[in-house]
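The structure under discussion appears below in the form of structure tokens.
For clarity, chains are labelled A, B, C and D in written order, and residue numbers in each chain start from 1.
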Amino acid sequence: MKASVVGASGFTGGELCRLVDGHPEFELAQATSREYANRTVGHVHPNLRHVDLRFTEPDELERVDVLFAATPHGVSMNNVDAFRAAADTVVDLSADFRLSNEAAYDEWYDGHDRPELLAEAEYALPELNRENLPGADLIAAGGCNATATILGLLPLFEADVLSGDEQVVVDVKVGSSEGGAGGGRASSHAERSGVVRPYAPTGHRHEAEIQDFLGLDVSFTVHAVDMVRGAAATCHVFPDEPVSKGDLWSAYRGSYEEEPFVRLAAGGGGVYRYPEPKAVAGSNFAEVGFELDPANRRLVVFSAIDNMMKGSAGQAIHAANIAVGLAETAGLESTGFHPVGAP
Amino acid sequence: MKASVVGASGFTGGELCRLVDGHPEFELAQATSREYANRTVGHVHPNLRHVDLRFTEPDELERVDVLFAATPHGVSMNNVDAFRAAADTVVDLSADFRLSNEAAYDEWYDGHDRPELLAEAEYALPELNRENLPGADLIAAGGCNATATILGLLPLFEADVLSGDEQVVVDVKVGSSEGGAGGGRASSHAERSGVVRPYAPTGHRHEAEIQDFLGLDVSFTVHAVDMVRGAAATCHVFPDEPVSKGDLWSAYRGSYEEEPFVRLAAGGGGVYRYPEPKAVAGSNFAEVGFELDPANRRLVVFSAIDNMMKGSAGQAIHAANIAVGLAETAGLESTGFHPVGAP
Amino acid sequence: MKASVVGASGFTGGELCRLVDGHPEFELAQATSREYANRTVGHVHPNLRHVDLRFTEPDELERVDVLFAATPHGVSMNNVDAFRAAADTVVDLSADFRLSNEAAYDEWYDGHDRPELLAEAEYALPELNRENLPGADLIAAGGCNATATILGLLPLFEADVLSGDEQVVVDVKVGSSEGGAGGGRASSHAERSGVVRPYAPTGHRHEAEIQDFLGLDVSFTVHAVDMVRGAAATCHVFPDEPVSKGDLWSAYRGSYEEEPFVRLAAGGGGVYRYPEPKAVAGSNFAEVGFELDPANRRLVVFSAIDNMMKGSAGQAIHAANIAVGLAETAGLESTGFHPVGAP
Amino acid sequence: MKASVVGASGFTGGELCRLVDGHPEFELAQATSREYANRTVGHVHPNLRHVDLRFTEPDELERVDVLFAATPHGVSMNNVDAFRAAADTVVDLSADFRLSNEAAYDEWYDGHDRPELLAEAEYALPELNRENLPGADLIAAGGCNATATILGLLPLFEADVLSGDEQVVVDVKVGSSEGGAGGGRASSHAERSGVVRPYAPTGHRHEAEIQDFLGLDVSFTVHAVDMVRGAAATCHVFPDEPVSKGDLWSAYRGSYEEEPFVRLAAGGGGVYRYPEPKAVAGSNFAEVGFELDPANRRLVVFSAIDNMMKGSAGQAIHAANIAVGLAETAGLESTGFHPVGAP
């Protein structure tokens, strides 16, 4: 099958190129970039220096089977007709088609130009809703921080530990790749190295996504820390009723033991006792774990993903695999590395 | 005045040596280390290679005016008589004399060998209780994570925004120097670089200190992140009554505008809009700031310190200055650096 | 084919487990570790938490096709008979069988216990001597810093730019994984972060390997810098005769254009103009490039590898593939990542 | 005395503000910035948030005693008359007045607009030529990489180990602050973290400065590594005659034992055996050390500085202190820190 990547010079675009190029069933037909048209893909993404492919202009789309759009927010909604004309299956990695209703776009974004498509688009976080994806032709891959949070909390809903009106604080730590390839003073190495920086103290847009798909209002705060890839969500949960470790293990095993991309890590010995971005860097795995704090009637849930993989490009490939009927793990088998520096 | 540092080969011990050596009123009389006795101080602390002083055995204490004890938990309580025999003023940086009652040591530590001294010792977090310190002869410098948290929340108590029964989640991010100089596989560079690691998911002992001095039970979680010095506490606070930005500015200015070591940073433009460890690294400053989240009836408080300074050695010098009647800022005037890498 | 990893709890051992587990033709039969026997492989290597395998004792070796020995220097020479009894093909990653003669072991190491095997063992740096490897049953994978250096300089010998008596300074920068999983104060995160540390100012043992296989005495210095994986060699070369850029491109293309794991990067635009460890992290690629300095009659050659891959485990798999007749790239197809933090 | 900083929103400008603000004899009169005029100094330099000073326009210079110019190359030569009209002593931190003759500016830069001033300006690297500085009214502070190199090699000239025609390779490793505050894709955190990047493979302009002041042609290569502050020069020296360790200790002690800002570190035990940027970060110290490599007839010299201090702002203050007759160490007494992350 042929696949293209639109917006291929950005970070998620480059990751999609890597994944499509290594995918057993996809062939990378086009990688578009207005800024770098006619330069090699490896000029921008040095890990792909050995790949013999040049960027093309985004308005010269060839006909393919799957098109991945890795463009900034607002671009896909204005180009969706062209994307759909070029491909049977369109997977969008921006926020343009994630939320289910126009009102949410009015509240959290700057409105929506094609609200009639919102009902048609399928949100893709396979662990949550893979049943919606086979045959879908317009797919919105879930956002990185929302994915980490939803994967952490989903078993609590499935096991009725949470019903949606509980108090939950989500304190997220993210790497610099979430800011994109653009640069700017705040993301310069000298200013960004070694930070613990309140990046979105309140009002992060992924709150809307969590509200939409878990039915839960979370108190959400995002910090920038010193890594490039990775997102770690710590959910401080206050259930109405006490819950035991056994209950939790049942809930998490019940939700995830068949999942190909979710690993549980909750205590035990050694250095890596809980989920960590380092442990999943470079892979499509999410790690989820928990700890009880009975004195404070609190449950602490940890989840960690590589934001470039499970939080964007890997999730998009996963969704496409389901949509077109391939094995879910096709092209996503690689594990992470140990040891690795800042992911 | 003469001052000594016991336990001088550790990280806080080395920082005390640096501060005492540069202090306008103190002379560094002794730096003790059993392991490195007779080696130069600069052998262990390369920043002090130019200092002409060798470590001495810890049981050969000279008579001095002020003795700083930077020994592991449990050592000071067993050596306190020797320390007090050697110095008029003893400032202990361990947890041995911080809590006010023996029961808390039974609950959070392994009990206490000298409980009769607990009432006599003065806890030192000058912004909280400087009035107790003049003339004090046994001082327990506040712990790093507790200091960051208490400084963040104190104005809310002083302005009656909090009374002590509210729900507060404290999510702390710390550097590797908090683990001390010992090493071990978990703190090796290859395993520790780039982490977001749940270091104390629940049950961190500084909860006891916060309970003792703020009268507040907090849900406390500590993460290790990729920096060496620094502690950043994010307090997710749910006040009973709505509070405005104006109220908050009044509260924080009221508490801190005369404080020599507290800076407010809450919004505004630029790269550094909120407290950050990078901004205070190498200095005794704490930064405190906040943001409102009306949709979640939440108040988010950020505070950042250099754990080696305001969180230990700097705080100890500050307390000693007050105890012996010097200017509070003596020896602590240095600011931090910009730019700086991982602090 | 069945493969085992001896010394599997170390860093290179873990990397071998990852590669064997993902290899299309190998099945991971055993991973041995005295310290962690009966624990899961994922207990030590968190990237492999999903792998259902436990460490076994090193003296209970099953019969396999290929055995990889990732043990410290001196262990393989004492266990080589057991290794060879257990496997048709033994690939040793230590220095025990790299050098060609006993005298070199006397000079650079602490002698050799099985010198009669040195002639029998094949050194493996496939770009240099792949013709020796088919059917080899005792293989010594080339060392990381030697590999980076030899790959940088080899085309200059093959094109007669160098003959072996020229002056060459090799200034290498390495990550912390080269120090192994052991830890110790010098490799603790607090002491090792952000360093530029003369790690082997002179007398590094890989000088012997370069001398042995290039016939060149190099002035060799190794610095530790802040990354975990990666080795970058900068070779300052003073050829006897002037050389042009065209000559150099011919030489490097001639040596490497058919090589599956060598990429050339020499100038051009963009951010990544020369070889960089970041560009190859996680992959078996080596990058090689150069720049001319006519004013100083100097040629500067840059080469970069992931020391855990092309510098050890990847090179070992590559050699085993050739030895047993598989495709050279089997199990080594993965590219690196972009962006990535400290590799 | 009053002092101003022109170009105060850049990195070296901010460091000058910090140093002047903390200087016992200087008062910070003005800090100029066209971009940030009327904003507080702390808006850009968060370490100075407590300082009550706002940036002013650069064309409204008040009359002061000392003016520090931290402007980009080419600015000072065009504004030098205004600077000298505003201050008795002008210390320029750019390259505009460092070299001694116009021809060198034609060769290494884009020529010079005020060549008649080159003879009048004094180059300032006090360990090399402090005798020229008392009373100087136009001073060019030495460049960072040149300073590190010259300090490493100077004793070899003073002790006649080198005469100027020997082969010397200088391999320098620098932090991201050398690139300035501007940003750009190559210096973004995601692209710059964890690098070992050939930054100036050949032809770095500081070669000219070393040639001018040591009379030595060096083969000079600069690598970017993962730190923010710091420059480490490794000089691979091939003396004509063999030299002993004793000779070297005599040479280096002879040159530097009276120097307030140079420390020797050459072997010995412990973690920090040689010069390291980490050991001097935040201070005006340079560390210098060496190792012999008799097999290669080589001498390896290591030197390390904080490029923001000894490599620019600290050196400028040092020079100003000498020029106006203050104690050399005034305002520069602070040591570095231990431990510290990436400096």
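Quick notes on this structure:
Definition applied: contacts are C-beta pairs under 8 Å (C-beta built on N, C-alpha and C of every residue); 3 or more make two chains touch, one makes a residue touch a chain.
All figures in this text were calculated on a predicted structure; none of them were measured in a lab.
Ranking all chains by how far their C-alpha centres lie from the centre of chain B, first place goes to C. By number of C-beta pairs in contact, A-B leads over the other of A-C and A-B. Chain A and chain D have centres, each the mean of its CA atoms, that are 45 Å apart. Rounded to whole angstrom, the centroid-to-centroid distance between chain A and chain B, based on C-alpha atoms, equals 38 Å.
Each of the following residues of chain C touches two or more other chains: 11, 175-177, 181, 185, 190, 193-194, 226-228, 271-272, 276, 278, 339-343.
Looking at the complex, you find that chain D touches chain A at residues 11, 175-177, 179, 181-185, 187-190, 192-194, 226, 228, 341-342. In the complex of the two chains, the chain D residues touching chain B come out as 11, 14-15, 18, 21-22, 43-50, 175-177, 181, 226-229, 263, 265, 268-272, 276, 278-283, 285, 287, 308, 333-343. Remark: chain B residues 167, 169, 171, 173, 185-186, 190-191, 193-198, 201-203, 217-219, 221, 223, 225-227, 230, 232, 234, 236, 238, 271-278, 291-293, 295-296, 298, 300, 302, 304, 339-343 touch chain A in the complex.
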